[in-house]
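Two complexes come next, and they have one chain in common, chain A, joined by chain B in the first and chain C in the second.
What follows is the complex of A and B.
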């Protein structure tokens, strides 16, 4: 089936405004948006820029706006969208660098602000790792499957309105570590969370939960962290 | 860049939930008292009598304070969401506080000073 891909093109050096370029592609069953982009790059226009690495929904590099929704290009099959025209645009809310590639700097910077690593001042046991029981892991299991694709943060209206807002992905990471039974770092993170650019900017719009390709619910983690913050303070 | 580390917001958020629950209950009670408890008869005298008692004055004062805090905090939220220009934000936030306080004082005066015309109550 012939599908027209309307692809967002932008080259800051050309001085031209961004525009949508049409690329007709013969799509076969099972073909993903990423495959189609590869087809376009190989046979129609080698200057097309997009990010990808694993091609199997693990690395999180290929998130983009496909027919209005943030999704992974490598996990979205073109025929399943049931459209003869497919719009492919960069993630909204982040600065486009070129074509489909966006500047991820503020996204990573928000992660660093919540200290997205295990914090525990006690020395680990010398003979083994820090132990976590399977039951304890279950509590945070879903949140550990985040691949940092930024679909959620880029779909969040609160983030569009305030680029300093941590965003659902960073808050989810804060949740993932703060609710890890081996972690003692909540006090180090609370400054970034209990903050006008933190937890309180979320208005439970749930775009993040809607679009997460790993079926994570960042909104729920935000609510858990709010409760934790309030309980810790009062 | 303004990262606002440590500037808080937990109490405001928490209080917004408490006042929200209070307002929900108070509003339902208000509708019931006003429109159903007397077969739906709403007359000035009836309301005036009620508002003259200390108990109702206290209830109405709490209602007033909660509603103002809840409502005006909502305005502050919108401003925090969308106004990033420091000066404009200062102006708008001051405006919200000023109007909130004026409305609060006027409401409080009205409730406290109210006397039923026919006598009775305080």
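What follows is the complex of A and C.
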């Protein structure tokens, strides 16, 4: 089936405003948006720019806005969208660099603000692991599958309005460590969380949860952290 | 050209690169160069686990692990290095846990362990629970944990920098030249020590589990710098790639009790590995699947059935494990099967076929992680390598599942420690002016090229022909044909042109450079495979159908000299386990 891909083109060097370019592609069953972009790049326009690596939904490189929704290009099958026209645009809310590639700098900076590593001043046991019950592992398991694709943060209206807002991905990371029974770092993180660019900026609009390709619910982790923050205070 | 100076340069931010960076950063100024953002590295795709004889659920010990690794390697692995790794693996896994890696847990709260192909108790008696895992996201959580630790320790990253040139003169490494992908332009990185952790080369094949980034750049760059590559003919085909795409379905699916079935729903492994069945080593299981397909017992798609075409895949059946258990221990396979073959693995068997997976060969290093450049193991001063791009050789002719996340992390750490020890005696050596000039001339060539060939078509043709002639079964005729084909592809490559002439974020330029690397090292695979007239591990010659220890119990070294590949050989290190017939 022939599908028209309307692809966002932007090259700051050209001095031209961004525009949508049409690329017709013969789509076969199983073909993903990433496959289609590859076909366009190989045989229609070698100047098209996008990021990708694993092509199996695990590296987090290829998040983009596909028919209005942030998803991974590599795990979205073109035919399953059931449209003869497919819009492909960069993630919103992050600075476009070129075509579908965006500047991820503020996304990574927000992560660093929540100290995304295990904090525990107590020395670990020698020659064995720290114990953790399967139930305690369960509490963080889903959050550890985050691939830092930025779909969530780029879908968040609170982030669009306030670029200093940590955003759902960074807050999820704070949850992943703070709710790990091996971690004692909440006090180190709370400063970044408990302010107007942190937990309280979220209006529980749930866009983030709707688009996460790993079925993670960042909104829920925001609620848990809010409770922890309040409990910590009183 | 901008010149940077860092005492230690680490090329690659997978498990090997990141683990090395943490170590070297304790005593030296370290910079990590990576062509993709660190957490995008393909280590994150590892699903099944990391080997280490913790014995949390059985009476495992490191000597069983060592024996299995040696036997799995078809006795081509170097036993001194294997011994150190297996002995210290439990401590490495504990350390990862202490750093914060989230592992699945036993009811008691210890690290959970599962079975994996070729890993046994008591020297082959029965399967061992040795793979330490986090559901089927093991590589992902280890990679992210190591990245988190690097940020914590303020390791400096240059992300989206593509290394194109290695500066070696008089057998001393002085740094690298890298292309700034984002902004364009070459940068010289002057260093006292350089470590390669650039990963594997599966992208030379059509059906592969490997990421687009796995183009073996480190090998291409090393070959051009005059270094040899070791054991390149040994390439592992994973038994269970999703039909058509080759995307991995973890061996954990069989570790947890999944079956392989042919079109008659027969568990055919009983004819090939009656003892370990589906948990035989990968080379054996892949050959068994391919044999089923060749002999007409492959499963068929409805279309193949209606047209009477023989099937070209088999089934991976995990339905009997039940949805609850699958969701708990193998959550990722749901999305993968659904998104890429449209199957719910809890309800129906998944169509799979063998897929190019792991590169046993690579840049020769000794057990300390220092690069060696000849059969006498002469060290190259200031140059190191670890992980999948290196050949120590831990995996010999065939790697066991779960041994390479261990290898990459363990030798990342070891090599980082070696660098930390060496750094006091290393200095910034002079940069030969011709290095920057040559690197620039390479880039200029791409911008000036005006040929008619399409680089993507050349890449596709390379992948198709490697698939056909350097697959699971090989013979002289196909190998000779492939040598000729590579010559033609190289000629075509010299006649390409880029549509994109811009400097900033020119991914077409990047793909051209990567294709240049693929074409360059592919020749070492073919020449090595043609010369090796025997069957060993993953290298199976139908025209020489037996292992030949008298002639071939040795490592291949492939050099490029005056445009041709020259082979040399070096002995295997055998300490505890003498070569025996390999039966499972």
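Everything below uses one rule, namely that the second predicted complex is superposed on the first by the 234 of 234 C-alpha atoms of A that agree within 3 Å, B and C clash if a C-alpha of one lies under 4 Å from a C-alpha of the other, contacts with A are read in each partner's own complex, and residues count from 1 in each chain.
By our rule, a contact is a pair of C-beta atoms (placed from the backbone, for glycine too) under 8 Å apart; a residue touches a chain by one contact, two chains touch by 3 or more.
The model shown is predicted, which means the values in this text are computed figures rather than measured ones.
Colleague: A:132 in the overlay: touching chain B, chain C, both, or neither? Say first, second, both or neither.
Modeller: The answer is second: A:132 touches chain C but not chain B.
Colleague: If you stack the two complexes on chain A, which partner ends up touching A:57: first (chain B), second (chain C), both, or neither?
Modeller: Only chain C is touched by A:57; chain B is not.
Colleague: On the A-aligned overlay, A:158 touches which partner chain: chain B = first, chain C = second, or both, or neither?
Modeller: First partner only.
Colleague: Kindly classify A:37 by the partners it touches after superposition: chain B alone (first), chain C alone (second), both, or neither?
Modeller: In the superposed model, A:37 contacts neither chain B nor chain C.
Colleague: Kindly classify A:147 by the partners it touches after superposition: chain B alone (first), chain C alone (second), both, or neither?
Modeller: After superposing on A, A:147 lies in contact with chain C but is clear of chain B.
Colleague: With both structures fitted on chain A, tell me whether chain B or chain C touches more of chain A's residues.
Modeller: Of chain B and chain C, more residues of chain A lie in contact with C.
Colleague: What is the contact status of A:229 with respect to chain B (first) and chain C (second): first, second, both, or neither?
Modeller: First partner only.
Colleague: For A:27, using the defined touch cut-off, is the partner it touches chain B, chain C, both, or neither? Pick first, second, both or neither.
Modeller: neither
Colleague: According to the stated criteria, A:198 is in contact with first (chain B), second (chain C), both, or neither; which is it?
Modeller: first
Colleague: Which parts of chain A are touched by chain B and by chain C alike?
Modeller: Chain A residues touching both partners: none found.
Colleague: For chain B, which residues count as touching chain A in their complex?
Modeller: 1-14, 80-82, 84
Colleague: Mind listing the chain C positions that touch chain A in their complex?
Modeller: Touching chain A: residues 36-37, 39-42, 44-45, 91, 93-94, 97-100, 102-111, 134-135, 137, 140-141, 144-145, 148-149, 151-152, 182, 211-213, 244-245, 247-248, 331-332, 335-336, 339-342, 454, 456-457, 498-500, 502, 504-508 of chain C.
Colleague: Could you list, by residue number, the parts of chain A that touch chain C in their complex?
Modeller: Contacts found on chain A: 11-13, 30, 41-43, 45-47, 49-61, 75, 77, 97-98, 101, 104, 111-112, 115-118, 124, 127-134, 136-137, 140-141, 144-145, 147-148, 177, 180, 182-183.
Colleague: In their complex, what parts of chain A are in touch with chain B?
Modeller: 113, 158, 161-162, 164, 191-192, 194-201, 203, 226, 229-230, 233-234
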